[in-house]
Amino acid sequence: MRIAIRVQPEPFDTAAELARLGTSRTDIGAVASFTGLVRADDGLTALTLEHHPVMTLRQMARVAAEAETRWPIAAGTIIHRHGRLLPGEGIVLVAVASPHRAAALEACSFLIDWLKTSAPFWKREEGPWGARWVAARAEDDAAAARWQ
Amino acid sequence: MRIAIRVQPEPFDTAAELARLGTSRTDIGAVASFTGLVRADDGLTALTLEHHPVMTLRQMARVAAEAETRWPIAAGTIIHRHGRLLPGEGIVLVAVASPHRAAALEACSFLIDWLKTSAPFWKREEGPWGARWVAARAEDDAAAARWQ
Amino acid sequence: MQALYFAWVRERIGLDAEPLDLPEDIKTVAALLDWLAQRSEGHGAALADRSLIRVALDNEFAGPEASLAGVAEVAIFPPVTGG
Amino acid sequence: MQALYFAWVRERIGLDAEPLDLPEDIKTVAALLDWLAQRSEGHGAALADRSLIRVALDNEFAGPEASLAGVAEVAIFPPVTGG
């Protein structure tokens, strides 16, 4: 596996993760990254991510392995947080290094689209409404389906 | 313009640029980035980027403005270097912050695809062959055309 | 068989997990959900709308017709919303 | 009119830039390229394959039929390869 996987309650540092990916190699022509962050929409005060720990790691490894069969990936990182997060904090990071631009960009999109629909995480939003579970969105299924 | 544009001979720091984009805002749900790097293919020892300075800035501003009309972009950065670069160094950085994941990913791909075909830069490769100018690739035109 | 519940399925049932002693005639996921929904008011509320229920058997997503033969763990949860 | 040359167009012509004193009958980009190609062996070599020549008039890309009326600067170069 050239893509490293982490699930953690601690914050991650996108900048540091990207710096680690690109360093000391001269066969990487492209690094694409995606960071998902907590938005303070409608007065949201916190976002809690619940997950199924065993299944989460298994699904993330599967999605990463699928990406490696589809694109020439030199190195990559997927980090997904769980627990209670505040607005502005990072939820998920996907970064892919590849010899080629299209491969890096496509693999990055693929990984985040598939994570959204196949990794067992659930978001609960706190705000003026109290607490509520986020409903799945049909457009996320559509985004994932376009890779099939 | 919410997308900042820079053309410079100096190296850039992807990590620092990303850190600057995402900080102190809670309306950004997604940050996508692309970094193009010099590969040491076939023994390449240096890559020199020549450019048309006035037209380059104009074309980059135009591409950035077009992206802002197409997607909800909260902030962004495009940095393109010129001059002589060594393997492993960054050539171009595109970073886009948006409320939404698809917007950030698509705008990032759009910007790099359009930069490749509409910004007047030319690459010259040094290596065992001496020096040679890079030929334009039909697949770059195709990548840009899919956004039209 | 061990059952795991997540998100609002967990909240409505009021349990993270529970052991299940399945009758012999419960052989599929769909049959299991029908049987579980009778177990308490909370189970019934959690499982009322099957279009919002997803199931994993031994850590693999499984459809309503999937067989329970040899399964040690069933996880029941809403559609995922990570990423 | 001022001409600017870039990349291998610049190298073959041997100049970064030069002032052009255009005859009155040169009214389009295509006519300009035909006229320029006669200027020296280097100009001829640079402009031999028109499929590899791109032109900008006053910093805007322009096709072969574009008019030179009022144009102060013409840039001539190969297809771009940045990014």
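Going by the order they are written in, the chains are A, B, C and D; count residues from 1 in each one.
Everything below uses one rule, namely that a contact is a pair of C-beta atoms (placed from the backbone, for glycine too) under 8 Å apart; a residue touches a chain by one contact, two chains touch by 3 or more.
Fair warning: this is a prediction, and the values are worked out from it, not measured in the lab.
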Review point. Where the contacts of subunit A and subunit C overlap, which chains show up?
Key: none
Review point. Taking mean CA positions as centres, which chain lies farthest from subunit A?
Key: D
Exercise for review: Could you put a whole-Å number on the gap between the CA centroids of subunit A and subunit B?
Suggested key: 23
Check your understanding: Roughly how many whole angstrom separate the Cα centroids of subunit B and subunit C?
Key -> 48
**Study point:** Euclidean distance of C-alpha centroids - subunit C vs subunit D, Å
**Key:** 72
Point to revise | Junction residues of subunit D - those touching two or more other chains | key: 83
Review point. Which subunit A residues reach two or more other chains?
Key: 36, 101, 112
**Study point:** Interchain pairs in contact, sorted by label
**Key:** A-B, A-C, B-D
Exercise for review: Using the touch definition up top, name the residues of subunit B that touch subunit D in the complex.
Suggested key: 36, 49-52, 54-55, 58, 80, 91-92, 112, 115-124, 133-137, 140
Review point. Which residues of subunit C touch subunit A in their complex?
Key: 4, 6-8, 10, 56, 59, 61, 75, 77-83
Exercise for review: Sort out for me which residues of subunit A touch subunit B in the complex.
Suggested key: 14-16, 18-19, 22, 24-41, 87-88, 99, 101-102, 104-105, 108-109, 112, 139, 143
